[in-house]
Amino acid sequence: MEQIIFYILAAIIIVFAIAAVNSRKILHAVIYLLFVLVAISGIYFLVNYNFLAALQLAIYAGGVIVLIIFSVMLTHNIDSKLDTASLTSKIIAGVLSIGGIATTLFAIYTYPFTSNDNFKGVEVSDVGFKMLSFERGGFVLPFEVISILLLAILIGAIVIAKGQHLIEEEHKQNQ
Amino acid sequence: MNFSYTILIPLIPLFVFLFVGILHTKLTPKIAGSIGVLGLSTTTLLSLYTAYKYFFEVGKVGEVYQTFIGAKTTWINFTDTLHIDMGVLLDPISIMMLVVVSFISLMVHIYSLGYMKGEAGFNRYYAFLSLFTFSMYGLVIATNIFQMYIFWELVGVSSFLLIGYYYDKPSAVAAAKKAFIVTRFADLGFLIGILILSYYAGTFDFQTLNDPQGAIILNGIGGSFMGLSVLTWALILMFMGGAGKSAMFPLHIWLPDAMEGPTPVSALIHAATMVVAGVYLVARMFPLYYFIDGGFVLQIVAYVGAFTALFAAIIACTQNDIKRVLAFSTMSQIGYMMLALGVSGYDGHEGLGYMASMFHLFTHAMFKALLFLGAGSVIHAVHSNLMKDMGGLRKYMPITNITFLIAALSISGFPFTSGFFSKDEILAAAFEQNKLLYFVGLFVAGLTAFYMFRIYFSIFWGKDRDYKHAPHESPLTMTIPLILLAILSIAPGYIHFSDFISADRTSFVAHLDFPLAITAVVTGLIGILVAFVFYKKESNIPERATKAFGAIYTWAYHKFYIDELYLFVTKKIIFNVVSASFAWFDKKVIDDGMIGIGNATINSSDKIKKLQSGKFQDYATWFVVGAIALVLYFLYKN
Amino acid sequence: MDILSLFVVAPIITVAALLFTKNLQQSRVVALIGSLVQFGMSINLIFAYLAERATGNTSIMVFTKSVVWFKSLNIRYDIGADGITVFMIILASLVVLAGVFISWKIKDLPKEFFISLIVLATGVYGFFISLDLFLMFLFFEVAVIPMYLLIGIWGSGPKEKSAMKLTIMLMGASALLLVGLLGLYFYSSPDGNYTFNILEIAKVNIPAQVQHYLFPVVFIGFAVIGALFPFHTWSPSGHASAPTAVSMLHAGVLMKLGGYGVFRVAMYLLPIGAKEWSWFFIILSVIGVVYGALSAIKQTDLKYINAYSSVSHLGLVLFALLMLNKTAWNGAILQSLSHGFMTALFFALIGMIYERAHTRDVRELGGLLKVIPFISVIYVIAGLASLGLPGFSGFVAEMTIFVGAFQNVDIFHRVATILGVTVIVITAVYILRVVGMMLMGPLKKEEYRDFPKATWYEKTGIFLMLIPIIIIGTTPLWISDIIMESIKPFIERML
Amino acid sequence: MISGISIYHILTLTTILFFIGVYGFITRKNLIAILISIELILNASAINFVIFNTYLYPDMLQGVYYSIFIVAIAAAESALAVSIIVSFYRMLASVDVKDTETLKY
């Protein structure tokens, strides 16, 4: 059963990923991406990482996709079609990608992974405790770093998106 | 006997040179001239005194004339054994040369007081004369071959300066340059010869080199190169230097042009002293030349001398510029001296040629200087060098006429003149050794008489030309030297040179060989007679003779086109082809090559710059390529 | 303060003082005083040196001083002098002094000009006294860099391009040199106590294999500044564009760093490499000697003629060094000195003629003996000195080189030597060509008549150069003996 | 653990996903489309972390945390990217890659 679900998910991921990078309508591409992200959260469910799956759905499928859709709305005419890449660049990229896939798969399949079977699943509380633990193996420091980073990005995004002339206008108004 | 005072002989002219040279703008010509004459008189007295002391009091120990070192100091050290000394070497030939140089130089100094009067560079002229005299003294008294080379170069440059005395005349400049470069080229040989010789001999010193019992002559050190021993090569190369200085064929081309200098200079440098330096060099190194390889090089010397004597005499018959005739005559006479040296042996009477050569050097210096000074006197009067502008001058210039005649007789070997004796010795020496050379010598003697009297008759006889103002006899300062030299063109003949100078330094008795002497005199008289017929009166005989000789005359008149040949080689080949192509090569290949390297850097950086296109997708492509390559590398590394 | 460090300190003080000057009058006086002091010090140095030797001090270097400078790499401020250094310093100080006189009337930016000049001098002095390879390299760069400014700013003609070419080529050479010096450094000790000190490195025998690779690197690194064929092309255009004093200093002193470095570093530290490679570089140097002279014949620009003549003369220096024997080396040092004075004199004279005629083309000049007799006569004298007339330094140096070169018996060296000797004729040709065209003959243009006579500062500059030429030329014994003595330890390592 | 599915299967999937992202990144001409490709790449690696954690070190949580951080950073990155895109669009009225080349200067 799980096996079948996995294959279905895998098929969805690959098909929609390909669609996402080839679609000529930007909004379609975003939607395809959404499917991919949802399918990935399915994989997280499959391996019993429910918290992570929820996170994936909430932040990615919820937040990021909406953000991207907004930016598409801001910058694109809804009917406009994307330029296609030249054939040479497609061929180069394709060869490169296939080569990369081949190389990586070769590396993966030649490496003997020793699977460990006693997996029990993860409790959300464990994740939370560990995240804020400052003892050995705790993740409080990266957590803080990430939060500062997020703050910085928040401010940065506002400043950049606001644009120079808007800031200047504001400046004038203050005066 | 302490000869250390002889160091003054070169030093006085040096001092005069420095004094007059540095102050030449401050001194009046009169003072400069008198300083020069005074300095030279002192050295002349010193030379005569030395000669007297040496030849008659202390020189001879037993039967052999000794070598004295008047003074000697190390000048520079090269290796542990090789070092250049500066010193004074006194032996018969150096003292004889001292006398010749100082006397002729004194005469020229006095003569120039009149001849150069009113010239702008009078002081400079006297400074250069002193420089030349200093250098010539240094050359003559050199204790070693390198000292000789040093002064050899210095006389070269003095000659350059004096030929180029009229430096605003392009022909004089060209002549000066030519003289210097040609002799310099010959000196290249000389220098290489010295280097070879000194390397194998381990010394520059004449006494060690020339010692007939020394290791160099006995053992003949060094290997062989192209069939001849290295020492022979060294001697050939050194003779090349001598040939250059003495204007031997084929390095003679500078001498006729050198007549662009003031006439007294030609008398001093290009007739009496400097040009015989080559002869002196061979004489100085005579034991080496004689003993190494059985005198192989001496044969060369003899043939070169003989050929030059003949060659120059033929040309002399065709030239119209009296100074050039005299120049070719000088070449011819030096050829004689070389010939004499070349046929000379070493012991006793065998060394007749050596003695004859030195004897002729002495007498030739006197009468040739006289000829030049006489010619100068004539030129001074008529302001031209060309024979066609002269004629009938005997009425106007009696003293010049008489003295010139004496000199001409002397050079033609007329009996009882000094030239007769010395030339006879040379012919006798040649007759004993090599009949071919003897006949060449004899023929040249006839030619000499012919061309000398050709110019004599043309100048002093024949009819007057239309002179702008009547020629007049030169002032006393010029005629007194003429008279003194005229006396000395006759008197030395009666000195028994063989008492004083010989190859092995012992006296021997040289007899006058009457059959040979009479032959020579008759030949000379024929020459004079022919000249008399041709030129005593204006006639068309010379022209007919010219026509008869046809091509040969034209060739000889153009000096057998040797100058043109040289000009072709130097100008066309070396200057225009070699040097120009080198300059081109430097500009286009090397310089542009270096610039090309720079440009290639710029170009390639232009190319590389394109990689940084600003397209981040390109970067990503390369990044992925690199990542894959790295993965592959690590996969396959093991 | 020891006697040698003063040679670095004095110019620095001069530069500092120059910073406070306001106009030409002040800066030239300061520069003059500074260079006079340096000259006095160099004269004092030779007496101090002789006195030191007289006390029986026979070590290779005297007046040594060693201060740790950069500990972890063992870079030290090691200085010392031997007879060769002493003469080189005299040469440098004299040329600098003469250079100041020649630039007496410099128009643009006098302060900056003199500062660059004195900085250059500092580099040169420092180079001569260093015993530490790193220090040597440092001073080398200090000497080379101001050249770019001096030519680029105060030069004439295509000055930027020439300055660029010169600097890039010399920098390229010093890059090579740095590789060589680092190579020496890393082989300077078998047990990891690396040192840059020349005398220390000389105690270690660097393996032959390494010497084989290091020698050409170090040799070329130094020889480029010594105008080794085919790396000489920076020199003609560089000289042609440089202002007079810079040409003097450059040809007179800076180009000597090449031969000096080859002698001190390449030959001394890498004797086996030198022996292995000498044949190759002899070929190059002989080509340089003959080729430089032949190229000079055809040039028309006075400075080009002189630059090619420098290529030829300095080729002889390298040629002599490669002969690897005492006499030739002595000749090389003498030739360095002699050429330094002669070429500086030449450039000074060319500068004076250019200032008057505003051209350096020999074809446009003629009959100058009439209008500027003093300068012309000195030019003739300099020319005669350059073509190796006895009584001038060139003769002594060349003869020593030739005699030394002749000590090598094999046919290769003989042929090379004989080819080298031919240069005496070629030199005569191009010198006399210039003398004949430019100084003698009829006056070419009427306006040349109004040429001003030589001024007092020009005359002083000229005599400063001429007197040493004559001193070396007439009394070479004491100089050559001092040099010979100093060469001994170096040649012993060679044998 | 997904029964019947080995780690190799999942890694194959993520590899393909990753390189699809790479392909898109290289070929796309539109900045937002490129952003989409980047998301694909990030997700591929996030899955990897989780899978390694699950299959190889089931008693640890590191992989999970990395995934969480990746999600956080991806979100931040998209926010920033979007703001840049918007700003860029205001400047040039375009979101084409070729117009970004002018940023080089």
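Going by the order they are written in, the chains are A, B, C and D; count residues from 1 in each one.
By definition in this document, a contact is a pair of C-beta atoms (placed from the backbone, for glycine too) under 8 Å apart; a residue touches a chain by one contact, two chains touch by 3 or more.
The model shown is predicted, which means the values in this text are computed figures rather than measured ones.
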* **Farthest chain relative to chain B (centres taken as mean CA coordinates)** => A
* To do: Determine the centre-to-centre distance between chain A and chain C, using the mean Cα coordinates as centres, and give it in whole Å.
  => 70
* **Where chain A and chain B are represented by their mean Cα positions, the distance between them in whole Å** => 102
* Structure fact -> Chain-centre distance (mean CA atoms) for chain B and chain D, in whole Å, is 97
* Asked: What is the distance, in whole Å, between the centres of chain B and chain C, each centre taken as the mean of its C-alpha atoms?
  -> 37
* Where chain C touches two or more other chains at once, by residue number -> none
* Please set out, as single numbers or ranges, the residues of chain B touching at least two other chains. => 621, 624
* Structure fact -> Flagged in chain D as touching 2+ other chains are 22, 26
* Where do chains touch, given as pairs? -> A-B, A-D, B-C, B-D
* Asked: Mind pulling up the chain D residues that touch chain B in the complex?
  -> 22, 25-26, 34, 97-98, 100-104
* Footprint of chain D on chain A - complex, ascending -> 2-3, 6, 10, 13-14, 17-18, 20-22, 26, 29-30, 33, 36-37, 40, 43-44, 46-49, 51-52, 55-56, 59-60, 63-64, 67-68, 70-72, 74-76, 82-85, 89-90, 92-94, 96-98, 100-101, 104-105, 108-109, 113-120, 122, 126-127, 130-131, 139, 142, 146, 149-150, 153-154, 156-158, 160-161, 163
* **Contacting residues of chain A [partner chain B, same complex]** => 92-93, 96, 99-100, 103-104, 106-107, 110
* Asked: Touching chain A in the complex: which residues of chain D?
  -> 1-13, 15-24, 26-30, 32-33, 35-37, 39-40, 43, 46-47, 50-51, 54-59, 61, 64-65, 67-69, 71-80, 82-87, 89-90, 95-96
* In the complex, go through chain C and note every residue touching chain B. => 165, 168-169, 230-234, 236-237, 291, 294-295, 297-299, 308, 326-327, 330, 367, 369-370, 384, 387-391, 395-396, 399-400, 402-404, 406-407, 417-418, 421-422, 424-425, 428-429, 432-433, 436, 439-443, 476-477, 480-481, 484
